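These are the structures, in structure tokens.
Look for chain A in each of the two complexes below; its partner is chain B in the first and chain C in the second.
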Partner chain A sequence: MPLQAAGDAPLKIGTPEVMARIRQVIAETQVPSWLNSIPRNFGDAGAGVVKADEWRNLSTIFLPIALISMWGEGTQHPSPETAAVFRRILDHTMLLVSAVSLACMRIMTARRSAAYLQYMTQYIHDFILIHADIKPRPNMHMAMHIPHFLRLFGPVRSWWCFPFERLIGQIQRLLSNHKFGMIFHIICNVRV
Partner chain B sequence: MESTLLHSFLKAGNLKRWLAKPDCPAVIKECKILFDNIYAPKLSEANVSEGGMDTDRVARVASKAVPEDLRPLLGLPQRQAIMCARVRHNGIIYATSNTHIGNSLVQFYPQGSKSLLVPGSIKYIYQEQDRFVLAVQRQLPTSTDISDPYTIYPHFPAKLYSSQLSVELERVQLDWIYSHYARWNLSATQSVVLSLSRVCRLILTHCIPISPIFPGMNMIFF
Partner chain C sequence: MGLINIILYLAFADPAGVIAPKQEDVIAQMPQSIQEALSKFNLDSRTTTYAVCPACHCTYKPRFQKGSLTPIYDEICRNRPTPESGPCMQPLLRKSNDRTGSPKPIKPFVYHHFHDFVGNLLSRPDLEESIDKACDDLKSNLGKPAPEFVNDVWQAEFLRTFDGPMPGTLFVDRQEEGRLGFTFNVDFFAIEGMRIRGAKTSCGLISMACLNLPYDIRHKPENMYVAGLIPGPKEPGLTALNHYLKPVIDDLVTSWKHGIHYSRTALHPSGRTIRCAIIAAVMDLPAARKASQLAPVTSHFYCSVCHCYHLDTLGRTDHENWGFRDSEEMRKHAELWKEASTLEEQDKIFTTHGTRWSEMWRLPYWNPTRQLVVDAMHCILEGVAHNHFRVVLGLTNASAASKPEAVRAFSHRFTHIDPEDFPLPDNMSVKEAKSLSGIHRILMAPLAGVGDDGHVQDEGEFNASVADLSKQLLNRNTKPLQFVVRDVNCTPPGPGRIYKKDWVEALVSWVCSHQLQRITFS
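And then the complex of A and B:
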């Protein structure tokens, strides 16, 4: 069942209060130095593009801490109906958080892969009901293929494309004379 | 672009395989040593060994007067102890809470027993014979009558604790450490503690949480 009737204004989720709480959690959470930091002005245009590793830390550490503190069990809301709606959105978001955490584990087991699939299936199923005004994304379809790869190739860390992305980043930062491809052409012609 | 990257990757793979084989000429191996010295990350043997000591201990380590609260852990009535601000174990840096609060937050097995995992903050790092050990203050549990909204999600290993630390110090060896944790002060009296291990999701609590979404999905180790 959708969360609001056809004539009702949709419930706002990304309110200034929510954004302020997320920024507060990012700024105040004490984390070890090996964890990449997130821009403290996350959400502003000036914060720049959030990179993939930052998204992962955001979605598996800072966002759930902030959202549970606002919408979780025992939190205060104007009415029980609003509390129930936010709780449902939170439980739905936590399905994705759990799926991402499981997919990024450095040891992969058949149980973890099956649990990922279970979370992702539930997430996509509920997405259409909870966020009726948002169209499903192609990424959701692709996310359902990940369990196959987890079973075939093991932990995602050994086959994800971040090493290549990092290499592309290094190549982009190289000084060049705008004649692209020459260095790699030379490297590739060196017979090993 | 993709084919160029793939070719480079395969060439690098071939080169590494060739360097590992016994018929690789000595001169090429010599070149590898040179390149490793220039480009490879510099981690000394002492840093990656069990209970290894920090290489910058010459600068950081000093024989200091033993603080009053650390004396019971040392056992002997000694007045001086070798103490340092940070130590590296298996490539991960642990620091005292005065040096870097985030690097001082560790989950550990008390007395090395794997049956229980507790979070705590490192207060001192001191030398005991030929290795460094930690003096840790435990994160105190929160009162039982407060419902914890964080424990109902089985794959999100967070839990509410008191924001107070225990006064007593606990001796912890470096190999009893499980992982770092993140801490956020929810209020003046409560802190959220989240395990940062990416190897195994181990729940911090004694109770077995039950997922509200998948009631059959109970877990301690997963």
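And then the complex of A and C:
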């Protein structure tokens, strides 16, 4: 059953209350000091673009805590139907959360990669049913191929873009005189 | 550096402040900057500055006359960008205003020598030891079954089965040679930072990381190789990236086929031969497709790994039935594309097979279905997770504060664009991308005067609401309207110029047909 049946007013998922709860969770959760911080004004245009590492922490730590407390068992909703709908969205989101945490593991096993594939398959399968008005993205298909590469190359940390992006970050931070074309000579001389 | 000079001066000077000429000479020879110091000890990396054609991106290597250090470049570009076109004929050089007065390339591309970088790694005893240890550890484990817990690339399947340059032997079976595996990355970034309207300028970076090094030092900036910065301000289009990859691929091909002999390394005073290979190409999806010259991810050939074809099949989950693409077939099509004598022929190969010629094919071992990895950081974290939380669940303040949507007459799978995802399709501005959801809302609003039975009950009311719909759409910008028209597959007919009015008309008739059609079916 699609969430937004034709003719009905569509359901609003991200309400101001949900956003307030997420921000409260980000502000109040105690995390280890090595965990990079998340902007407390998450969702604000002023918080800037959410980076890949922030997405990893958000989707494996803060968002599950916030969303389960809003939509999970024992939460209050106007009607049992809405409660069921939100529960369904939550269960679907948790499939993605599980897949993300499995994919980012530092040690890979055949069972972990099989579990990832199972969660991701279920996620895409339900996505089409639940969010009927949103087209699936090419990234969803490519995410189905991650287990193939997990098998070939092991844990993602040796073959993801983080180190290369960090290198780019260093080059972007080099001081320049904003004259285009000069930077190539500068970098040629500085061993990055 | 200046401080050292002062200390030396104070140490050398006699009470009257006079220094002997010999000691003055010592002070004069002190390097004044870190670059100068590196160059004095011969520690700076060796580079070649290529001249790049400003129009077609073809790269030209300088020549040197015997005994001279002044590079000599070709003056005009003689590259033929397409098989049928004539030489490009763009001037490559401009007058320089420095002392030598020799002409300089208009667009320089500085290439750092790959062999020189490998030589740098091998000159450190600790690194040379760990480079060989990685290969030897894997080789000694080959007899045992594959480990259940995989910590690193060296325990996973690819390197356990990757054939080396000698037929019948594995890559890690190094004998007396050294074998180095690399991850390869090309990425484009905004050098002048992001503007609110998107990236103003785009440069590229070609870089590599050596997998032989232990994980904790593998990605330290001093251990990573930068082949060069692809000059901006615009990203090279279509096959132009090949010109920038050529120098590094040239070196990698030699390294694989013949091996590079270093006359002395840290642990081998009498020299040794080294062979290097790209183990995995790690890039985000747009750069991956550009470097491998496979069809972009927004085309019907959206997958570089399997046979899944056509954008309508994006939601498929029957992964048991997906077959891998055949790398030999892909190589064949890429070569056919390269040898095609007309543009038409090339386009035909591209539309039927989704491949163009890429420099990567010159590597004898290149197999995109195995080595062109799907980057987990971009695909899962910045792709699926970002899309799920921001677009699908709408977890942004702007979306949370917006009014609940009005009643819809029907629902449709529109393509949703996140206005913060650069680059935006069709060169839309952020404002235009934001207006897309508004247009979707207008389109899905029910038309007045249509009865539950699906017939127009009140002609006047119906016409008025259709007129109102076109008026609302005409107030919107053309680019997002065009985007929606293409998205719902109803391009307005007719040759000649298509005006905004026509795009709006196409959308209105699409809405009418949808709202009436839906009712006839129910």
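Methods note: the second predicted complex is superposed on the first by the 175 of 192 C-alpha atoms of A that agree within 3 Å, B and C clash if a C-alpha of one lies under 4 Å from a C-alpha of the other, contacts with A are read in each partner's own complex, and residues count from 1 in each chain.
Please note the rule applied: a contact is a pair of C-beta atoms (placed from the backbone, for glycine too) under 8 Å apart; a residue touches a chain by one contact, two chains touch by 3 or more.
Bear in mind the structure is a predicted one, so any value in this text is a computation, not a measurement.
Under the clash rule set out above, the superposition-derived model of chain A with chain B and chain C contains a clash between the two partners.
Shared-chain residue A:P16: touches chain C; no touch with chain B. In the superposed model, A:S98 lies in contact with chain B only, and not with chain C. Look at A:I107: by the touch rule set out above, it reaches both chain B and chain C. Legend: residue contacts after superposition of the two complexes on their common chain; A:L167 is shown touching both chain B and chain C. Shared-chain residue A:H141: touches chain C; no touch with chain B. Chain A is touched at more residues by one of its partners, and among chain B and chain C that partner is C.
Of the two partner chains placed by superposition, only chain B is touched by A:Q30; chain C is not.
Chain A uses residues 104, 106-107, 164, 167-168, 181, 184-185, 187-188, 190, 192 to touch chain B in one structure and chain C in the other. The touching residues of chain A, when paired with chain C in their complex, are 2, 4-10, 12-16, 18-19, 22, 43-45, 49-50, 52-53, 55-56, 58-59, 63, 89, 93, 96, 99-100, 103-104, 106-110, 117, 121, 124-125, 127-128, 131-146, 148-149, 151-168, 170-172, 176, 178, 180-181, 183-185, 187-192.
By the touch rule above, chain A contacts chain B in their complex via residues 25, 28-35, 61, 64-65, 68-69, 72-75, 91, 94-95, 97-98, 101-102, 104-107, 111-112, 115, 118-119, 122, 164, 167-168, 181, 184-185, 187-188, 190, 192. On chain B, the positions that touch chain A within their shared complex are 4-5, 7-8, 11, 14-15, 18, 92-93, 100-103, 105, 147, 149-150, 152-156, 158, 180, 182-186, 192, 194, 196, 198-201, 212-214, 217, 222.
Within the complex, the chain C residues that touch chain A are 34-35, 38, 44-45, 47, 49, 107-110, 112, 148-153, 155-158, 183, 185, 187, 189-194, 201, 203, 205, 207, 209, 211, 215, 218-219, 221-222, 224, 226, 228-229, 231-233, 279-280, 282-285, 297-298, 302-303, 305-306, 308, 311, 314-317, 319, 370, 373-401, 404-416, 420, 518.
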